[in-house]
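Two complexes are shown next, each including subunit A; its partner changes from subunit B in the first to subunit C in the second.
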Partner chain A sequence: MEKGKILLNAEHIDKRFGITHAVNDVSLTVSAGEIRALIGENGSGKSTFCQMLCGIYTIGGGTFTLDGQEVHVKNQVEANKLGVSIIVQEMGTLSGLTVAENIFLGHEDPFMHNGIKDTRAMIKEGQRLLDEYGFSGIRAGSMIDSYNFEDRKLVEIVKATYMKPKILIVDETTTALSQNGRLELYKIMDAVRADGRSVIFISHDLNEILTHCDTISILRDGEYIDTVNAKEIDEDGLKRLMVGREIGSAYYRTDYGKAISPEVVLSVKDVTVPNQIYDVSFELHRGEILGFGGLSECGMHEVGKAVFGASLDRKGTVTLADGTQINDIPTAIHHSIAYASKDRDNESIILNESIRNNIVLPSLDDLAENHILKAGKLNRFAQEFADKMQTKMQGIHQFISDLSGGNKQKVVLARWLGKGSDILVLDSPTRGIDVKVKQAIYALMQELTAQGKSIIMISEEIPELLGMSDRILIMKDGKINGEFMRSESLSEEDLIAKMV
Partner chain B sequence: MQSFKNSKFYGFMILAAMVLFFYALFKILTPSNFGSPANLYSYFQSSIIYSVGGCGLYFIVVMGLFDFAVGANIVLSSIVGVILSEKFGYAGFIIGCIGCGTLIGVIIGMLYNRLNVPSMIVTVGIMLILESVAVFTAGGVKQTLAPELRFFSGAPGNIILAAFAFALMWFILNYTRIGTYCNAIGSNEFTAKNMGIDVKKYKLIGFALLHFFVGIMAILTVSYGTTMTALTGMSTMSRNFQPLMGTFFGVAFRKYGTPISAIVIGEFIIAIIFNGFVALGAPTTIQNVVTGGALLAIVTLTARGGRGSVVK
Partner chain C sequence: MAEKNELRPSKISEFFGSDTFKGLLPFIGLVVILGIMYWLTEGRIMQPKRLRLLLSQVYYPMIVATGVFFVMTLGSIDFTEGSTLGVASIVVSVLSFYSIPLAVLGGILTGAAIGAVNGFFHVRFRLQSFIVTICTMYLFRGVCAYLTTETAIPASAEIKALDSDNLKIAITLGVLIIAFFLFKFTRIGNDVKAVGSGETAARFSGVRTDRVKFLAFVAAGALTGLAAFVNVIKVGSITSTAGNQLETQILISLVLGGLPITGGAKVRFSNIVVGTLMYTVLNNGLVMLGFESATQQLIKGIVFLIFVALTIDRKALKVIK
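Presenting the complex of A and B:
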């Protein structure tokens, strides 16, 4: 394909969900042979725009012209046939099918002869593709369920790219991948560009965007703002365009040398969860942000679950200052421990419920009067804490599934603020969240610690650990491998040296 | 690499171990009345009737749907088959049973898609209608299959027909899109839709296939019992559950890639347990309690999700 030629022309693209104007008259072009980043705050319309292009949502208005031909895509398979494919943020493979069936789902025709499927040929071709991509450890004939999240994501990458799409959309995929997985994805993106095709890349990691993309289009509140050359802008410039104002240096904490309170609020001793973590011991102090870092499989996420009483077969003790042992979730919540999981949609929120019900859930006992729940009281409670978190919503009765990732996270935090929890376990609190919400969450964390609340922050983002923690514990192979105090001189390299 | 514990061989081993366990248990408890080769052959012949229905149910259960009209369709299709056999012999019998069964499956599928209400509600309504239609069709008379049309009443006829049904299911699951798409819809209907799968069409196909197998089951049922009486008042409901038990085995053993074997062997295990209690002289109530308990125990031991997993 001729490089520089306009491959995608989106004209006046529009989409409404009820009263929300998700995409508002967006026009942009993407050229052949470029990696185009699409950035914006949560709820800015990036994903909706792309999902209209690949048929997941119907187009509300406007037209897409792909390689000179106007297209009206009805579903993903049709999009694939027209040369558009997408890799999504969450799980995109289907359980109960083999790896090969997942790769070729909706594209079985080459293996069908008079209505009969040549299963052997399908598995053979699937394996050939996996080998070609360097994913030989994944077997095409095996059930997809026997592989972990990351391997399934790699299968999805093969599925989305083997047919050599003209436009490959990568929607917030890198947060689900380890460093190696990310490198594989970057290689594939580079190959697409070298081949004269295009990538639309959605991510909240601005550094990643500046490193791997050629051009960057910015959306804000559903509207197109600008397209800039990646070589001609820096992170602060992008933040300014995304948010519409300076984000500046107040992003992370700026204080250093603050003494950690000697008062221990939580003591974890010799905690082991089979095949996950081994003999983990630490203390959490009053008003402290204790950061946990490490590579994705190091066990740090399990530490959060263990503290919250959510681990299975846990050994060792988790003890509060008053001697209460935390062995299960109800005890943890009753004794003022909150937990926000990394897997927000599956473990933190109830997707098919309203914002109100998600917020009031752990506080129902406190809100009940003689065991009777009054709607007015629940509404006021939910409204108060949703407002406190500045949740962008139509109202507290809106379903949480309608919200963007960042606003879902605000609802999770509103829930625990409402509960008045004293110890917050926040696993990847800013995963998939834009800079503006990030800034709000960081400010909230500081406000909470100033009130004497304590936070365990588990994070895969090293700058976040360095920027927000009073103390950092680095995990490796299920064990604590290093401890660092907050310091201006502490560098990413210091932490990485203990991770690998 | 796929672990041994996820292999087909492991699945077969568990099924074989369960057969041996229950056989040995009743053989020890009642050595003279239970478990001779002739007895086992008889248990197997009765169990394959339910296995055929279990195979049909698999197509919809795996999609997260349910059907309460299976029993009513067995009765109606049997009656239609017997009536047609009086004029057209075997052709009328086979086409009557399978044609009527499949047609009802198509109607259920269309209604389910059109009404957009849960399958359980649609099929309960259909069950009540079918029971009444069966009474009208039979004219209130017990329908008896002519003696010269009873090739499927015993071996080899019943085994040949059941083997045909099992082979057909194996073929559909492994060599057509239907098996893949039914699993995909059951896994995540929204994603399946986005993959271009016509979900409504495949649900309709699922119901049609289920009742095609119910039609075959009707042939085997009326051949085995030689007569069929139409009854109302939800009395056909009990006929739904025995095939469904086999389906539970099939769904449970799907992870080993052996759903059909699991349905067939699972029904055989249930037949062993049931006949074991008959041999012991246990009252029917006790037999039902223990058969239900055994089913729960078996499925719990074999198909239980990992600790902490969400089961619905």
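Presenting the complex of A and C:
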């Protein structure tokens, strides 16, 4: 394909969901041989735009012209045939199928003989592709369920790219990948570019975007703002364009040398969860932010669950300062422990429920007068804390499934603010969340610790760990492998050295 | 101006797809079915004599439906009502020769025990409720048949003497009011809805999900046991067919009443009342119109299908727990 020629021309693309104008008259072009980043805050319409291009949503208005031909894609299989494929943010593989069946889903024809599938040929071809990509550790004949989230993402990458699409859309995939997985993905993106094809790359990680993309298009509230050259702009400039106003570059903490209180509020002793974590012991001090870092499979996420009493089959003890043992979730909540899961949609919030009911749920016992709940009181309570978190919503009775990721997380925090928890376990608190909400969450964390509350922050983002923690514990293979105190001289490399 | 015209049809279609409309649909359905039946029977269905008969068929299904309502709000299902009613009716009848309060208590405890068996297998062994309750349905239907093979089991004259609309209305209203209070103004209602909307998240929010699920099945059983008492008052002696197909009747009633089969946040307490009334009107009307029972089933099946298609929440589609 000829480099530099226009590969995709989107004209006046539009989409409404009820009263929400998700994509508002967006026009842009993507050239052949280009890696184009698409950025914007949560709810700015970037995912919706891409999902119309590949047939997940119907086009609300306007036209896509791909390689000179106007396209109205009806579904993903058709999109693939036209040369558009997508790697989605969520889990994009189907459980119950083998790796090979997932790779060739919707494209089984080459393996069909008189209506009968040649499973062996499919597995052989699947394995050949996996080997070619350098993912030989994944076996094409195995069930997809035997692999973890990251390996499944790698399978999705193969699925989306083996047929050499003209346009590859990568929708916030990197947050699910470890450093190694990311490097593999970047390599593939570079190969697509070298081949004269194009990539549309969606990410919240501005540093990653500036390093790996050629051009950057910015969307804000569904509207197209601008397209800039990656070489001619920096992170602050991008933030300005995304938010529409000046935003402080330093949203992490700036203080160093704060003494950690000697008062221990929670001690974890010899906690083991089979196949996850082994003999983990640590103490949490009053008013500190204790960071947990490591590779995604290092067990740090399980530590959060263990502290909250949510682990099944846990050994060892989790004890509060007053001697209370935490062995189950209701006890944990009753004794002022809060937990925000990495798996927000399944474990933190009840998706098919209203904002109000999500906020009041852990506090129902406190809100009841003689076991009686009054709607007015619940409403006021929910409204107060939703407002405190500045949740963008139509009202507290709106269903939470309508909200963007950042606003969902605000509701999660609102419920624990309402509960008045003294120990907060925040697992990946800013995962998939835009700059503005990120800033609000970091400010809140500092406000809470200033009030003497303690936070365990589990994070896959090294800058976040360095920027926010008073103390950092690094885990590897289910065990604590290193401890660092907050310091200006602490670098990413120091932490990485203990992770791998 | 042009824009306004464009907006109008979309607003109308938006209304028909909205939750407000879906919430109104059962009420509209009740009025429509009542209207059709009134027209087809030339008003006979509204005669006082007919209305009393209609009402007499409402009591015990409504009590049973109240219990099952909690189970279905969880997103679970319970197929044992019919057999529970059979077994509990036998217990009530036998005990009625000793003491009436003992008979009532015996019925409730029998039902609660069967509910506890269902809840235990569902919770402890993580079996889906429809599998568990289909198995126990056969089990207790068998018990019921075994106990009634020789002869029908008679109840005492004292218990039959209680047969009055006032008592039955009082029991039914009592059950409805207490259940409404628990559902609307206590943790119980919130917890059941939370489990129905998202069990994992509910657990992580501090809801004791296993306990809630177990208790819902016990409550459904206990209320069916109470309904058995009302049933015995009415019928006087128990045969092996007692409570036959009650479970499908209750399921259909609740769905007609607008209860989403996935349970969760969108259930309304009114589903119980509206649904049971609708089923009874439909049933009576078909009988009055002289349809054969096979035709009646066919018509009920069609109405049921249409309602499920109209009211189901496709966003929350998932397998029934």
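Here is the rule we go by: the second predicted complex is superposed on the first by the 493 of 500 C-alpha atoms of A that agree within 3 Å, B and C clash if a C-alpha of one lies under 4 Å from a C-alpha of the other, contacts with A are read in each partner's own complex, and residues count from 1 in each chain.
What we mean here is this: contacts are C-beta pairs under 8 Å (C-beta built on N, C-alpha and C of every residue); 3 or more make two chains touch, one makes a residue touch a chain.
Keep in mind that what you see is a predicted model, and the values were worked out from it rather than measured.
Colleague: Can A:487 be said to touch subunit B (first), subunit C (second), both, or neither?
Modeller: A:487 sits against neither subunit B nor subunit C.
Colleague: With the two structures laid over each other on chain A, which partner does A:92 touch: subunit B (first), subunit C (second), both, or neither?
Modeller: Touch status of A:92: first partner only.
Colleague: Can A:330 be said to touch subunit B (first), subunit C (second), both, or neither?
Modeller: second
Colleague: Regarding the shared-chain residue A:179, is it in contact with subunit B (first), subunit C (second), both, or neither?
Modeller: Touch status of A:179: no partner.
Colleague: Between subunit B (first) and subunit C (second), which, if any, makes contact with A:229: first, second, both or neither?
Modeller: neither
Colleague: Is A:368 contacted by the first partner subunit B, the second partner subunit C, both or neither?
Modeller: In the superposed model, A:368 contacts subunit C only, not subunit B.
Colleague: A:105 in the overlay: touching subunit B, subunit C, both, or neither? Say first, second, both or neither.
Modeller: first
Colleague: Name the contact category of A:136: first (subunit B only), second (subunit C only), both, or neither.
Modeller: A:136 contacts neither subunit B nor subunit C.
Colleague: With the two structures laid over each other on chain A, which partner does A:357 touch: subunit B (first), subunit C (second), both, or neither?
Modeller: second
Colleague: In their complex, what parts of subunit C are in touch with subunit A?
Modeller: 14, 185-187, 190, 193-194, 197-198, 200-208, 264-266, 313, 315-316
Colleague: Would you mind writing out the residues of subunit A in touch with subunit C in their complex?
Modeller: 18, 308, 310, 329-330, 332-334, 339, 341, 346-354, 357-358, 360-362, 364-365, 368, 371-374, 399, 401, 415
Colleague: Could you please specify the touching residues of subunit B with respect to subunit A in the complex?
Modeller: Per the touch definition, subunit B meets subunit A at residues 1-3, 6, 62, 174-177, 180, 183-184, 186-188, 191-197, 254-255, 257, 307-308.
Colleague: Would you mind writing out the residues of subunit A in touch with subunit B in their complex?
Modeller: 55-56, 75-78, 92, 94-97, 101, 105-106, 108, 112, 115-119, 137, 139, 142-143, 145-146, 312-313
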